[in-house]
Amino acid sequence: MSDDRATRLPDSRVQPRFAGVCSFGRWPVLGEDGPCDWAVLGVPFDGGVTYRPGCRFGPRAIREQSQYLKHYSIEHSIDVPGSLRLADAGDAPVRPFDVEQTLTSVRVHAASLADRAERLLMLGGDHSIAFAGMMHAWERSGRPAGGLACIHFDSHLDTIDTVWGEQWNHATPFRRLIEAGALDPKRMISLGIKGPLNSADDLEYARDHGIEILGHDASLARGPDRLREFVSRLAGGPVYLSFDIDCIDPAYAPGTGTPCVGGFTSAEALMLIRACAGANIVGADVVEVLPDRDVAGNTALLAAHVAFEILACDAVRRRDKRDSGPA
Amino acid sequence: MSDDRATRLPDSRVQPRFAGVCSFGRWPVLGEDGPCDWAVLGVPFDGGVTYRPGCRFGPRAIREQSQYLKHYSIEHSIDVPGSLRLADAGDAPVRPFDVEQTLTSVRVHAASLADRAERLLMLGGDHSIAFAGMMHAWERSGRPAGGLACIHFDSHLDTIDTVWGEQWNHATPFRRLIEAGALDPKRMISLGIKGPLNSADDLEYARDHGIEILGHDASLARGPDRLREFVSRLAGGPVYLSFDIDCIDPAYAPGTGTPCVGGFTSAEALMLIRACAGANIVGADVVEVLPDRDVAGNTALLAAHVAFEILACDAVRRRDKRDSGPA
Amino acid sequence: MSDDRATRLPDSRVQPRFAGVCSFGRWPVLGEDGPCDWAVLGVPFDGGVTYRPGCRFGPRAIREQSQYLKHYSIEHSIDVPGSLRLADAGDAPVRPFDVEQTLTSVRVHAASLADRAERLLMLGGDHSIAFAGMMHAWERSGRPAGGLACIHFDSHLDTIDTVWGEQWNHATPFRRLIEAGALDPKRMISLGIKGPLNSADDLEYARDHGIEILGHDASLARGPDRLREFVSRLAGGPVYLSFDIDCIDPAYAPGTGTPCVGGFTSAEALMLIRACAGANIVGADVVEVLPDRDVAGNTALLAAHVAFEILACDAVRRRDKRDSGPA
Amino acid sequence: MSDDRATRLPDSRVQPRFAGVCSFGRWPVLGEDGPCDWAVLGVPFDGGVTYRPGCRFGPRAIREQSQYLKHYSIEHSIDVPGSLRLADAGDAPVRPFDVEQTLTSVRVHAASLADRAERLLMLGGDHSIAFAGMMHAWERSGRPAGGLACIHFDSHLDTIDTVWGEQWNHATPFRRLIEAGALDPKRMISLGIKGPLNSADDLEYARDHGIEILGHDASLARGPDRLREFVSRLAGGPVYLSFDIDCIDPAYAPGTGTPCVGGFTSAEALMLIRACAGANIVGADVVEVLPDRDVAGNTALLAAHVAFEILACDAVRRRDKRDSGPA
Amino acid sequence: MSDDRATRLPDSRVQPRFAGVCSFGRWPVLGEDGPCDWAVLGVPFDGGVTYRPGCRFGPRAIREQSQYLKHYSIEHSIDVPGSLRLADAGDAPVRPFDVEQTLTSVRVHAASLADRAERLLMLGGDHSIAFAGMMHAWERSGRPAGGLACIHFDSHLDTIDTVWGEQWNHATPFRRLIEAGALDPKRMISLGIKGPLNSADDLEYARDHGIEILGHDASLARGPDRLREFVSRLAGGPVYLSFDIDCIDPAYAPGTGTPCVGGFTSAEALMLIRACAGANIVGADVVEVLPDRDVAGNTALLAAHVAFEILACDAVRRRDKRDSGPA
Amino acid sequence: MSDDRATRLPDSRVQPRFAGVCSFGRWPVLGEDGPCDWAVLGVPFDGGVTYRPGCRFGPRAIREQSQYLKHYSIEHSIDVPGSLRLADAGDAPVRPFDVEQTLTSVRVHAASLADRAERLLMLGGDHSIAFAGMMHAWERSGRPAGGLACIHFDSHLDTIDTVWGEQWNHATPFRRLIEAGALDPKRMISLGIKGPLNSADDLEYARDHGIEILGHDASLARGPDRLREFVSRLAGGPVYLSFDIDCIDPAYAPGTGTPCVGGFTSAEALMLIRACAGANIVGADVVEVLPDRDVAGNTALLAAHVAFEILACDAVRRRDKRDSGPA
């Protein structure tokens, strides 16, 4: 691959990984270095949580832990920042007291970055921001009829209608997206869903709309094959990937607001993401990282690697495309 | 004093302090044991914070640490639960996504407790709840013209007008109370105020309205005398006491959302509260305890003792009144 | 199922999960709501430990973390508090300086609850309390000859004779129960036992008496099948389930007094408990939760879910019984 | 001073302070280097606590933090291990389930060290062990009639009669010592006592027997002068010093079982101990260090320095004695 | 004052304090906004420590905590970033394995910033970097004969000759600076020095060269007056201020490598710095912040405020100068 | 087996596991009890790290957690200290500022122990010390031509040439050992290697020299069989085992300097080590334990068990040898 596709990174011989103002993965700040393929965009917002707040500090913590991200994926045999132009777009403007205003503000801001960043990976923040992330990706993809496909990692379905009379919060984004036409529930797969739930009714909406649900055991037993098949059927069509860190067991990811025991190990989660290699991911988010509960920093470190692995899937797609290009 | 003024407490010989469902100070739950002089009422709400959230878990943490509260104040030579009928009123209903609705909800709930609890000490929750606490106390006192006097411990003035366009949050309660007529700024004293502030303008509203501000050094040098004089001038008139735990140095109270270095030690803070002995405190709050940052539980433990010392001031008043009663 | 079998729970729309005085799972306090099928009973006692004390604070911590327990088990497709009448019986009286007196005190107290609570799940406290729990269950079951069957999760056998000359401690309960006739070692299965042990002799008592021991690897390889078979052979006969949280790896459960590396993940442990569905569990305990070491609260959270899954096994049994009832 | 009075210490040029098996202050293990003036003796016991256990791990934690102890006291202008022969006597044998047996065991063990260690400073462990420490010091001093004088730092009086029917625990040692004739209450001074207490009665025993009580404020205002006067009146007679770390504020010493807000800062505590310079301290203890709550290790570090400062008082006495010796 | 002297800061209405890539105090990155009066420069280096390493992460942690720094100093009645042009210069290049090479590298880098930043405040990193900071300030001041005056806050003297045969480490910077002629020991004052020391010899070098040493008690009793007098005698001459966070008690600043009990409270330290108002500080450092030990982030927060207060001293000087300017 | 092959251990009936000065596993200090088969030797050094320092405190932390090590391995049915003479050799002398000098110093010290300790297991310290450990083992084995075989557990290859221009650090030991002739890369197997790496080039050296690399998934799928085969092919020839704790997932081992998500669980790691049973391990190390990040002590506890399991492999070898000895 040629240099012009690569991300300019600091020389570790001069600036060790523990030095310097933290951008995600030590990438250039958006705008410093021309348009990019992917930018991370922090959304420091937790106004939509129903239990433990604090994930407004998530983007900052993920940036700090991302300093130890390296470049080369052994599993995919690819140098990710060597294959993609990457940038850190900083944090979106938020309205800390209002979910709906925040979602609008984030969407407006995301749109304003469009000529500098082809695709966005949002770092939460609570899961309510997935609405902004997916709406942006859908609009940026030309608002395909039926909405985007979606790969969703979570302990919870997040398809509730209202909580405390409020439609906009971290338990409802996928319902709102389906209502908005941006998400096609029949091409949505949710992995890591696990009990206990509030009630049996919670499953109904998902089932009625055709969302495919893989519980924890099923995700491990059938997930990788099912994901490869899912990606294959998309045939290069656009898909959004939403990763709620609470699908990971609290032993690995204590820093989250609604921790669920019996979750994935980090190795299992990375293995599942890698099974999405080649998907045409047009937008993504990694959400619900709550630093004040993250006693050893592991959750934020894992979130940084999850973001890396998502981007690696796209790096693989681009490589495969080049490799199979016209002779 | 006679037994009928005392709080019924569990026998520590049967139920050690580390056992049992936690009510504040191991007091009876409101209603179990007849009307009471004071009830604590938790307000698990942090929708009004501007920096670090999480104090919705404050009431729970304070209750837990309050299990080691004992009865007898050496400094005042008085047995507090032996002199006052005390109860735990549980937590008020809140609307986690809305400050204004929460304040209304708390006020309605507080009013509903009126025939069972003469006075309320609210456990926050963020400082926005002081609006509900003081409005209730003012109304319960018959809405005296000019409003209540107020003794205020804090690092911040909390008399801002709006933050992010929002009038209701933890930086504004005293401005809203003055506007509502419930608080008399000319009989308000703020102790522990310290820099840095956002700007010099922050001081103007307070000064224009006649609030007496004692900075950190002045609070220590002149605070006790000034408080005794302040209480003396009230001549038994009603006063509200609002205690923001962030007036304490973060070494002593790390568990708070906007920590300010250079604050009081716990010994200094207790000494200042004790200087209010004899005041006719008709309502009080202890706010901004954020358990997720409270690495050793000290903040919640201190908050429980602050509540105890506030009540001790009232116990002293009642004793003095009895002692000086008709022969 | 009809409403009269369901537990009355607070309305989360009024009282969020972070609000209110903590009862286990937000269940009613025993007595508030009529007799119940199961009550949890805390036993805040750690006078029997041989290494790290502090699990006297276990019941309190488990109650706090249990606030996020939900109702519906996806895996069993059952609403647990919707199928069982549940209550929190508070904590048993203990004698902190004396194991034997405490066991007597807990048994007397448990007996006094008999007409209000059909079955008890005890929250430890150290493992010495299993003696009280199982003696009570045995007596309540009419002291069946030969003793109760037992499903035992642990890293340790807990069948030692004496430690420091003392017969009553957390390493000896099952030996004492066998001696008392309450436990049938030939129908006891211990899962998760792992090395290193103090000596090879520790295994002899268990082997001589016919206890079936599954080490860590065997538990995972053969545990679910073996448990289903075990339950099936019981044919509805009474069984006691004792769960020592130290069978879980310290990565998942750091808050315990004798942590053993190489233990179960939380997903593995839940899967094993679920394999007991349908067993006629007449008493249970979840022990050795030590909050001062539980850096992120994960251990107590997991303990709450372990208790939930144990009860789910009984909910399944009752459903199956109803479903196969007389036409 | 001559070399034969000095403690042999490792060469920091070879063995940095972060290296090596930890003996207290890096001193020789007792017996390695001839008889000593003072030995520290750990008593890893917490069977006498009434609230939070875990101080059985105190001696180990204090040893670890003591590695950063240095030699020279600026305040007294004296090199402490250069003036005293010091050693670490390891830990006394204990009976973890029994206070009384442990006290006997510790006394027997202390007596067995008598020809190798002139005086002992015990590291707790809970305060119940002060009985063993002071009985040993009294016996070693020839059982002077009336008992020893005592300087006592604590938040609590520790002169209760019984707790849960048990006479031997950490709330009772000084009552037991007075009853045994080893402690003269009329020459006992307690500093740092503070409220709240369980009841007013707790003060009576102390007052009836003539113990001088200095509350927190009085300790700071008059403590140093009062201590110098107290030491002066002893005129070289033997005195025991007992230091309960909970007299220190939990901001400085979170690692203790019954933390009391409003306590001494570390600077205040050291200043008070230094006021005892020249006293003929014949035995001492530093107790109630609970590592599992000591989030940053500060409590154990402070305990090591408290021990150092106590020994410095004796080093000063010996220097003064030499300086004023026969010409 | 006119706008052209003020620092451009983000609008908190758009970018809350918990949002965005962290520059110190949310100041512009050096170069974004023209030349500045002061720049902070991180030196992420801990190759010179003798006990606990990790302060290479200090600059990053201080930047994070500095997000809550505000503008207006009540005590000096001055808006600091409103009176000074401030910038964050990022981190200097370091050589993690070599003290001497690092010092050279930092000095070369500092020199390269000279036309953009008039003065530098370095954020450590260990105290060895003070050599680079003061050499730079001295050279930038035109290498005045006799060297610079120095105000030094520390528990330690840092005038040792060698440790483990090495001249360059965190115990030696002031000795090296005196040897280099950059520091005038006769105009150096060290506050907060406290025992115990390694040996009495440690004091000799300082005394022989005329450094004024104020121990902990003397610093509090006489420090403010002495500092005002010291500044006054300088008569506007250049002075360097070096602040080792370990002069603060570990209760307030646990995050440091060689913690010393009995240190300053944060209020005391800030009061002492404020006594330097008006000094012509030509360079400064705040060193020895070790985030891995900083359990609640208090140390880094305090370090940020210490830096703010140092700059406030210079803001006051410039204001006084303007106020007394030509009519 | 006869007693003369057993390690003398303290009587737990007198000295509980929480008591006494800590030697590794409570073993005798080297020299107290005659020559031994294996000694652990601490190397408290972290001068070779490239990211997070602090593992100089590793040996001390591992010793403390090792107090709960027991004797009997269920999995191998062997009493390890009953089959091997074990001792704690304390810590090697180090030069904290210099990797190369430290390696020399450790080698000289190790050689000096040769007549007291047949084999050494070094406790790090950072991975740079593996050079000293393996050089010693190689020399002690008579410097076999081609070098020793090696079993290597790690996330990283540690075969880099230089970092920041320095050849001696924790990323380079195996390259230096191959250059020195002490290590035969063709008989080296590295397990747990995982991405991301700095670059694809990092793999080349290893591949060019014939090191067998098993990534994370391959290690689990094929590791046990591959290790048994590897050991079998060695046919009793000498092998060195180097265990970098960062091959373990940070959920299990947060206390390390370069944590890598997606690592082994502790059960998986122990299973892999056990597959080496019977190997003629002539030297070993367990490195990169960083206590300041080890929030619950799990990493050090696991490191102690890893050391135990390594020794168990040798105990099995000796038993098998005896069992197959001449009749």
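As written, the chains take the letters A, B, C, D, E and F, and residue 1 is the first residue of each chain.
The rule we apply is simple: a residue touches a chain if its C-beta (ideal position, glycine included) is under 8 Å from a C-beta of that chain, and two chains touch if they have at least 3 such contacts.
Note that the coordinates shown come from a computational prediction; the quantities given were computed from them, not determined experimentally.
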item	value
Comparison of C-D and A-E by number of C-beta pairs in contact, larger one	A-E
From the options B-D, D-F or C-D, the pair that copies B-E, where over half of the contact pairs coincide	B-D
Between chain B and its twin chain F, rotation from the CA superposition, multiple of 5 degrees	180
Per Cα centroids, the chain farthest from chain A	D
Classification of the chain D:chain F interface as same or different, half of numbers criterion	same
Distance from the mean Cα position of chain F to that of chain E, given in whole angstrom	43
Centre distance in Å when chain C and chain E are each reduced to the mean of their C-alpha atoms	57
Centre-of-Cα separation between chain C and chain B, whole angstrom	41
In chain A, residues with contacts to at least two other chains	16, 18, 50, 52, 56-57, 96, 164, 249, 251, 265, 293, 295
Chain-level touch network, classified as line, ring, star, complete or other	other
Chain D-touching residues of chain C, taken from the complex the two chains share	46-48, 50, 52-54, 56-57, 95-97, 99, 164, 166, 169, 292-293
For the chain C and chain F complex, residues of the former touching the latter	50-52, 164-165, 193-200, 202-203, 215-217, 249-251, 254, 258-259, 261-263, 265, 293, 295
Complex contact set, residues of chain E against chain A	14-16, 18-23, 29, 42, 44, 56-57, 59-60, 63-64, 88, 90-91, 93-94, 96
Residue numbers on chain E that touch chain B, as the complex places them	12-13, 16-18, 68-75, 77, 79-80, 249, 251-252, 265-267, 270-271, 295-298, 301-302, 305, 308
